[in-house]
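Each of the two complexes below includes chain A, the first together with chain B, the second together with chain C.
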Partner chain A sequence: MTAVAERPYGRAGGGPRRGPLSGSGLTLLLPALVPVLLFSVGPLVYGILLAFTDARSGRNTETSFVGLANFVELLSDGDFWESFRIGMVWGLSVTVLQFLASLGLALLLNQDLRLRGVARVLAVVPWAMPPVVVGLMWRLVYHPDAGLLNGLFGSDVDWLHDFSLALPAVIVVGVWTGMPQTTVVLLAGLQNVPRELYEAVSVDGAGAWRRFWNVTLPQLRPVIVAITSLDFVWNINQFSLVYVLTQGGPGGRTRLPMLFAYEEAFRYGFFGYAATLGVAITIVVLAVLGLYLWRQAQEGN
Partner chain B sequence: MTRALKYLALLGYVVFLAFPLLWLLSTALKTPQEMAALDPTWIPRRPTLANFADAFAEQDLVGAGLRSLVVAVATALITVALALPAAYALARFRGVAGKIAIGWVLVSQVFPVVLIIIPLFMVLRRLELVNTLAGLTVVHVTFVMPFALWMLRGYVRAVPRELEEAASVDGAGRLRALAAVVAPLLAPGVVATLLFSFISSWNEFMFALVILKDPEVETLPLTLVRFVGPEGVARLGPLAAASLLATVPSLVFFAIIQRRLRSGLMAGAVKG
Partner chain C sequence: MKRLGAALAVAAVALTAAACGSGGGDGGDGGGASGEPVKLRFLSLAWQKESIEANKQIVADWNTANPNIQVEYVQGSWDNVNDQLVTSFEAGDPPDVIHDDSPALSSFASRGFLLDLTGKVPADLQNDIPQAAWDTVTFSDGKSGQGVYGVPFLQESQVLIANKKLLDDTGVRMPTPDSPWTWDEFADVSKKLTKKGAYGVAWPMKSPVNKVLNLALNFGGTFFDTKDGKTTVKVGPQEREVLQRIHDQLYADKSADPAALGMGTADPLPGFFAGKYAIVPAGVYLRQQVAEQAPGGFEWVTLPPLKGQTSQQGAVSQTLSVAADSKHPDEALKFIAYFLNGPNQAKLAKGDWLLPTSTSAAKDPALTTEENGWDVATASAKDLVVAPFLKVNGFDEWKSKVATPAMQEYFADKISLDELATRLVEEGNKVLERYSR
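Entry: the complex of A and B
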């Protein structure tokens, strides 16, 4: 991997320097590292520190270090636990449903079927839409009077304001909007599965189901693990879509953790407490991901 | 038999993916009377463009669109200008700093934006940049930077190093070699990254919601949400019309890069 080895035309002292980050490389990195440090690493560290303070939104309020007090409060906060539970139900069900739906679609798109072109374009469109527009569009679909669903089913349901239906209704939108990325990635993975593998099991007389189970799935495994992990992180951190759809209502039934944190910070002004919430969610996400990746790595061996 | 089942399944997907889009289009073309009718119609009986006119009359869509445009263009230009040199360095030089930087790009995706937006808000407030487009641009650059870096690094890596070296051998300095040989090959990647940054900023809602407080500085996503009144009583026709218009730039963008998405970019992302 050394630079010298791959320099067939190299002249001693003539070419540019290679190898470990040299002075000029550092000069090139600085313009990007400075803003990333200032506006990404900095705020994040600042944000984590805020979780241990009682920072409020007022301009001249005193801020003091309170240790783990916010975390203690969080643990006994019923609203937080409810929001946390809703977040996990949302995150896990959207990720799983997204994956299953996208896998089915990717398998179909990978075959020689007629409608494929249309489906491919449609499969990318939700990706191209601003989340706010997706939310507004589904409000039109779910609208109790002028909406499509009630007309179709002849029902009289206020989908997004019904205590038991709101969360499932929002989950459907989450699946719809997240399918494109997952489908595109899975399709790319499917197209990378070597044909010889299929031919080999076909000789053994394996049916379509066994081909899928014994060849496709194991080959896709790394791709599946990567995309479902990403989807889970994205879904847990979802804000805009649900904010536009329900603002967390009715009665907090769709108040995802990020909506809860937003309200705490920018409606009630509890910056420190909202940061604590962010840290807590990060810990949970990392724990879930760690467990998932660890199990996958074990099974992979 | 199985082929018929496959078609049925594919048709199911097409319906699921398409029906909200068609409903949006249908609603945008309907008169208020038809919308109030008990049984909804797919194809408006008397299609009208009045909703589009109403949308422009009710909210400052032109102003909001222009403000979104300014923020998105500034975000795209600043992001690429800052990320390109760094992406080049990350792709060509291997070192600890580079590894850490790339690691950060990945790790930063896990943290919820709330952890970043609160401190950014506090800093911007101190700098008197809350409620300004400049403040929002700064936040958007921050937010887009990691992925832009990642994208550009991939494009730089795709340019064969030998080409650069060949140019150097011919006596060109490093910078001349970059300008003459690498830049033209990198152009499509730079354009794709510019477009990606533009669209990310154009679509972004949460940061705008936190940072922009007055209607006079609102960007398009905030203005769109205004069609849903405070009590949730929406002006459905104009809302649908404005939503359609706001989607056009993103759709154009995806039409341009669709091929690239399916082949190069994604293949790289998956293998990488």
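Entry: the complex of A and C
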């Protein structure tokens, strides 16, 4: 804190403290500021404002300010809560499974294996694929007649259209898609664990499990917290993958909150309500994330 | 939030681009007058191979004959056409000529996205299409008036496709368009056809709503009631008839295979060819796949629609509309009038195995031949009336959020008919209320 406060006085010239946006400073900032304001802040503010209106699709519609009416409607909207529940199940299970699978993979890739370089490259391949391509590919895997999965098991299951199987099936794809970046980040974390620590516990006679539990995990902790939080935000906002796989079906069983908002806006034309959904989901995600990070910080201390 | 923001930003960019594009593309104002051909974009949803060929052929013929009005064929897909249209309408850059179906037109019309064609359709075309078909495209304009928002051209009726040998073996009466089976007779026949390992009928009910609502008219079931401009859902004795009868076949008579419920319309075909299902109720277009995929020597027939109190069925039409934002609406209408003239409608109907609205096209010998059941299919067009749900604003949301899951659960025997009725009405009215505000 003090270091930050002292900095202006340490400058050459030592004149009176100048505001951050005066004169030439502002001019220099403009080229960077304009695109940010135009393409990021602008639409964001517009979206938030929309949430408080009854904006609808149409050439002859009048939009008026409705205050918190949309939020009140949201609270009693059973479809929203169902979609929210599905979103949470999806977000949490994909994040947790992704983390566990990636941790295993990262530990494996951290070993002195033959062809380690090749294996590492292969692990990153799904990262290079756009979600739409991943969705199309897995749709073929799940295809009831021509699919790889039914071919392999000799089963006759319509994975993506079965009421109880659709969500788990989509979750598997979600885990698969998100594994590369989680693995890479964890692998980087693993390589930063000082070797001396392992040597020290080995001297104390610790086995592989103890080494993992008492050295690797605590050392990885900051990385784990960071990547799981990021993964959670990313997963709960997932859209394209599920849109391609199921379009939210069957009967809304995979209708994630973002798909719900999309339907409200682009299928039924309620732009205002859809914006409210967006704002509400952002608030909830921030709240969940805040709680998680706060608890992690507490335990860390 | 971010996504909507991003979408809006994209829309804004698209708007700017469209504005720039039209400024530069015209090569100065009044480009049309200076000999530059008018350019129209035609969004087509044809998907069967023969149908795409027919569409492209007609467009090519038009372009050759009309150097001043050039039409660009744009391929769309039924899967996402309405999402695509919302974005292009909102961005102010829609295709000039739009292929869609009548259920989608109602909401676009009330939002002012489509051109009212009242009084603009050339007399030849106007008179070639019966009023019943025009009714399927007449909607409220979102204020106080009514308008015609498309030209209806292909219609679908529900028929029965049956295994001829199994029917003959059982010795049941063959129905004809003049004397079709009643629902009672159909139930009896299905029971007779049900033997060990084989069912009389397969009801593919992956998308049950339109099927049930269209058939419900057999008993006068409309499902919607409009009083003083306010529409509510109703499920009375008339609406329950068809629901109950199908349910009975599944669970009381056991003449329908419950395993077929999750199937889409074409999915029972392998079972049908294998003799597992004797009858498959389907739209007339399914005949194409049956004709193409049936194993050699397999004999099948198209049976006329069932009769309740009447044989009436709700009709849904495929349509061509003109965007309200089109810069060349007159040229677009001229193209539509050519595209949908009698001979062309006959080609399109053959390509899609559907029924033309054009009365002159319906007389085409290829559409009245006994081969592949065309005679029965074409005859069923006389019982098509406008489906009541077409006029209901918010039907799409009612269908996907309330009716589809509720009917699926009912047919899976998870809820009773009373529970189904309560859900359709109570949850349904809540949905419809959003649209009457």
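Throughout what follows, the second predicted complex is superposed on the first by the 269 of 301 C-alpha atoms of A that agree within 3 Å, B and C clash if a C-alpha of one lies under 4 Å from a C-alpha of the other, contacts with A are read in each partner's own complex, and residues count from 1 in each chain.
By definition in this document, a residue touches a chain if its C-beta (ideal position, glycine included) is under 8 Å from a C-beta of that chain, and two chains touch if they have at least 3 such contacts.
Since the model is a prediction, treat every value here as computed from it, not as a measurement.
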After lining up the shared chain so the two structures overlap, which partner does A:Y268 touch, if you call chain B first and chain C second: first, second, both or neither?
second
Once the structures are superposed on A, label A:V170 by its partner contacts, choosing first (chain B), second (chain C), both or neither.
neither
State whether A:L33 touches chain B only (first), chain C only (second), both chains, or neither.
first
Could you look at A:D158 and tell me whether it touches chain B, chain C, both or neither (first, second, both, neither)?
second
Between chain B and chain C, whom does A:I224 touch in the aligned arrangement: first, second, both, or neither?
neither
Counting only touches as set out at the top, which of chain B and chain C does A:L136 meet: first, second, both, neither?
first
Kindly classify A:L103 by the partners it touches after superposition: chain B alone (first), chain C alone (second), both, or neither?
neither
Partner chain in contact with A:V279 - chain B first, chain C second, else both or neither:
both
Superposed model, chain A: greater residue contact from chain B or chain C
B
Taking the superposition as given, does A:I48 touch the first partner, chain B, the second, chain C, both, or neither?
both
Going by the contact definition given at the top, which residues of chain A touch chain B in one complex and chain C in the other?
39, 42-44, 46-48, 50, 59, 237, 239, 258, 261-262, 265-266, 271, 274-275, 278-279, 281-282
Seen from chain B, its contact residues with chain A in the complex are 2, 6-7, 9-11, 13-14, 16-21, 23-24, 27, 35-36, 38-40, 81-83, 85-90, 92-98, 101, 104, 108-120, 122-123, 125, 138-139, 141-142, 145-146, 149, 161-162, 165-166, 168-169, 174, 202-203, 205-206, 209-210, 221, 224-225, 227-228, 234, 236, 239-240, 243, 246-247, 250-251, 253-254, 258, 261-262, 266-267, 269-271
Quick check: in the complex, which residue numbers of chain A touch chain C?
39, 42-44, 46-48, 50, 54, 56-61, 79, 158, 161-162, 237, 239, 250-252, 258, 261-263, 265-271, 274-275, 278-279, 281-282
Tell me, which parts of chain A touch chain B in their complex?
1, 6-11, 14-16, 18-22, 24-26, 28-33, 35-36, 39-44, 46-48, 50, 55, 59, 101, 104-105, 108, 111, 113-116, 118-119, 121-133, 136-141, 143, 145-148, 151-152, 176, 179, 184-185, 187-189, 192, 208, 223, 226, 230, 233, 236-237, 239-240, 243-244, 257-258, 261-262, 265-266, 271, 274-275, 277-279, 281-282, 285-286, 289
Which stretch or stretches of chain C touch chain A in the complex?
1-9, 12, 82-83, 86-87, 89-90, 107, 110-113, 142-143, 206, 262, 324, 394, 396-397, 400-401, 404-405, 408, 434, 437
